[in-house]
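Same chain, two partners: chain A is paired with chain B first, then with chain C.
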Partner chain A sequence: MNALLALLLFPGGLFVMLNGLAYEWVDRKLVARMQNRLGPRWFQPLADVAKLLGKEEIVPRGADARWFNGLPIVALAAVLTAALYVPLLGILPSVGFAGDLIVTIYLLSVLTLCLALAGSLTSDRFGLLGATRTLTQLFSYEAPFLLALLGPAVVAGSWQIGTILNYASGQWLIVTQPIGFFIAVIGLMGKLELPPFDAPEAHTEIVAGALTEYSGRGLALFRLAKNVALVVGLTLIAGFYLGGIANAFEFVGKTLALLGVIVVLQVLFARLRIDQLVGMWWRVGALLALAQWLLLIGWKLWSAN
Partner chain B sequence: MIKLEQAWHDALRQIKTWAQINSPWAIHFNSGSCNGCDIEILATLTPRYDLERFGIKLQGSPRHADILICTGPVTRQARERLRRVYEQMPEPKFVIAVGSCAISGGAFQGCYNIVGHIDQVIPVDVYVLGCPPRPEAIIDGVVKLLQKLELSKDERQRAKTNE
Partner chain C sequence: MHNTQAEKFIVPMGPQHPALKEPGHFEFTLDGETVTHAGVRLGYVHRGIEKATEARTWVQNLYLLERICGICSHTHATAFVLGVEKLAGITAPPRAQAIRALIGEMERIHSHLLWLGVAAHEAGFDTLFMFSWRDRETIMDLLEEITGNRVNYSANVLGGVKYDVQEKHADALRRALDFLETRTEHYLEVVKNDEMFLRRTRGVGVMSRELAEAWGVVGPTARASGVARDVRVDAPYAGYVDFPARLILQTEGDLEARFSVRIQELFESYRLIRALLDHLPTGELVKTVPRRIKAGETVSRIEAPRGELFYFIKSNGGDKPERVHIRTPSICNMSSVLSLAVGHPLADVPMLLAGIDPCFSCNDRMVLLKQTARNGAHADEWTWEQLHQHGIEYYRKQKR
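== the complex of A and B ==
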């Protein structure tokens, strides 16, 4: 009974989805305000999702209906599972195990993989282009992002989210690992395909990327999945780098502050080309993350002696 | 039991209509206009008028859109494309014809390469007059369409009470 509640209401289902929708609104509203617009009303993301759920779902000719309808569900399920392992509202996850950090990060990647598969499912050229770009981007940011999140894990000496959070609370790792923090934030933006990294769904070039052919429920589920991934990612980064998450106030304050940083970056930069992206991630991002990682390991060995 | 089911269906429909009214996504198609109307539509989407506060968003893919905003007369070449874009949109879908040309053929009436106006090819829900119409007029057109949706909801309710 408790487990069911946990899955449907609090850390699992409804709560993260509503939280994700609320954060999407904050994101859109702040962007609008910075562009000198009024911005959407507070229930806008909810109305969008409700409308999409009520619309006709068209399965394009040539696409396998089972895959076409199943992929959004898998994507949403994966990120909802990932939400079980992060300290939402400051409550430590009850189902943690050694190594759940890796599992969480890869569950977040399942979302991206589902997106790419969904795009390549149809013979639509925009979907196909979007899918290749999504995968290219995945391969470029994934390694630096992982390295950046492993930084706190190395100093804490554990790959369990709960342990790392215990270690990180009270000391702001952003001070000792600024590079890792920066790369983690930018990696999250890449994961969610937010503006400077939105080449995979560039509206002005390839219509809507991988999601071009999705109309009703599939689109709604993918949007929800992205919102949940936003909450999970923000929670992870805020917990690791911004001094842990002890209670609900810290959760809301720290994740919103982080969201503010992401919004500013979104507004400031124009879209990067996909080749610029790959170059930037591998030449700058990965190298910097690796250098910091080695430094951390060196420090760890040195202090152990 | 039947009553409960009825109430459930009514509630679902109400939510659906509410969501439809509050989140109309649009796609813009030019089937042969002189570009005057298109520029006005783009002006409508700029921060000065900020349609996002009504939930209106411009989408690139017909699959994501609820409203097809058409400009210009329909040329022979564009007829098939216009029809195809319309058919690619998922139900429920609506069409707004913007500009005199879209309504009657306007300045292009009688040209050798023109099929006619928009509603000779696809059904149109709202007409916006002007050559080109001002952004305010276009916004008014969208609001009229949303009012129409709400009205149809009211009519349903009236029909139900009459039963």
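== the complex of A and C ==
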């Protein structure tokens, strides 16, 4: 009974979805205010999802209906599963195991893979281009993002989220690993395809990228999945780099502060081209992340002796 | 996807596409992300205005022609009245000529600010988009205050202008210009110094001076490539005779130059409006123009915000024109986009398209028929009966 509650209400299921919608509102509202716009009302993201869920889902000609309808569900399920392993509201996950950090990161990547598959399965040319770009972007940020989240794992000596959080709550790792923090934040923005890393869904070029053909339920589920991924990503980064998450108050404060950073980055820059993106990640991002990682391992070995 | 046509991957843009604010259809053949071929089909907003002018009186046509473009409505009316006045052998009073130039410059300001927003939006830089459009509202409000309308001001009448610029307008305008000047300085700084934005504009879509001249490019697009071409300077008209405009020229020919030319033209417009307000000639606003215009034909040229606007007007001595032909700047610049797009990544294409500040409603003056030989006629030589028959057949086919 408890397990069922945990899956449906907290920390999985309803809570994290509502949390995601609330954060989407914060994101949209802050971006709008910084751009001298009014921005949406507080219930707008929820209203969007409710409306989309009620709309007819049109399966385009040439697309397999089972895949077309199934992929959004898989994507949402994957990120909801990932939410089980992160300390939402400061409550340490009860289902953690050694190595759950890697599982969480890859569950987040399942979302991206589902997006790319959804785009390439439709015969739409914008969808196909979007899918290509989604995958290109995935390959460029994935390695640095993983390295950035493994940095705290290395110093904590464990690949279990709970253990890393215990270690990180004593100290703000952002001070000792600023590069890792920075890359993790940018990587999260890339994963969520937020501007300026929104080349995969650049609407002045390829309409809506991989999601061009989605109209009703599928679009709602994909959007929900992205919102959940936002919460999971923010929680991970805040927990690892910003001195851990001990209680609900810290959870809200730290994740919102991090969201604020992401909002500012979204407002400041023009969109990067996909080739510029890949170049930036591999020439700068990956190298920096790798350098810091090697440094950390060296320090670890040295201090062990 | 379908791979029927020899592995060609063609991305259609339009007639409905988020990058296009008006309908037009582009086809880009891609190799990966790189454009290898570009094609265009225009004519979705062809409204038959040139033909319609022949059924309306000279005065009615003023209002019709103003509706060709939703952004540079005043330039169309100005080009038309200047032509008609030339035919009638009348010169509008100096104050009217100055007010024509004044409103023309105000229109240039709102058009360039609008363009800045659209172009920034195409680059995914929505912050610049939102701010430049917010600032554009100041000039729109003033246009409304002076003429009563934000878009189709209909300030011109045959022989003069309808609205006077009073002292209260002048004060409000000067205050607005001070505000806009500081804002524009900021935008120029952003466009010239923002590293992320420069990645999307510097060295992109370079059009050399030779190419620009060969393609017959006009307006700010040409001036960004070092072609010194500005009707206000080359053949001053209306108020520009007494209040000369300065030519803004840049030689790089890339998107950055197109941005910077247009933004510097804003400063030039501010300067011109200040000069016009300070030395506005006194006197009457309108001279009487007869209902029938003397027979003859004339050409009238205007520097619209997008480049040279060309009017050919022919009168047979009646109260209606015999023929009005219009060539808008966007059609001159369109071919440069298609040629420049080849070799660029798809992501640059919306920027290149926005770079010429296209106006599709202005473009669509005529329909180009693709058929080579039909009804025994050559493609560009159709008799009235053949056209009539073609129309009947076309719509019968549509119904089916």
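Here is the rule we go by: the second predicted complex is superposed on the first by the 305 of 305 C-alpha atoms of A that agree within 3 Å, B and C clash if a C-alpha of one lies under 4 Å from a C-alpha of the other, contacts with A are read in each partner's own complex, and residues count from 1 in each chain.
We take it that a contact is a pair of C-beta atoms (placed from the backbone, for glycine too) under 8 Å apart; a residue touches a chain by one contact, two chains touch by 3 or more.
Since this is a predicted model, take the numbers as computed values, not measurements.
In the overlay built on the shared chain, the residue A:87 is in contact with neither chain B nor chain C.
Once the two complexes are laid over each other on the shared chain, residue contacts for A:128 go to chain C alone; chain B is not touched. After overlaying the two complexes on the shared chain, residue contacts for A:268 are found with chain C alone; chain B is out of touch. In the superposition on chain A, A:233 contacts neither chain B nor chain C. Contact with both chain B and chain C is seen for A:37 once the two complexes are overlaid on the shared chain.
When both complexes are overlaid on chain A, the residue A:187 reaches neither chain B nor chain C.
Using the contact criterion defined above for the overlaid structures, shared-chain residue A:207 touches chain B and also reaches chain C.
In the superposition on chain A, the residues of chain A touched by chain B in one structure and by chain C in the other are 35-37, 126, 203-204, 207. By the touch rule above, chain B contacts chain A in their complex via residues 15-16, 18-20, 22-23, 47, 50, 52-53, 55, 59-61, 63-64, 66, 88, 90-92. Within the complex formed with chain C, the residues of chain A that make contact are 34-37, 123, 125-126, 128-129, 195-196, 198-199, 202-207, 267-276.
On the chain A side of its complex with chain B, the touching residues are 28, 32, 35-41, 43-44, 47-48, 50-51, 54-58, 126, 203-204, 207-208, 211-216, 219. Interface residues of chain C, counted against chain A in their complex, comprise 1-2, 9-12, 17-19, 30, 33, 120-128, 130-131, 134, 194, 196-197, 199-200, 345-350.
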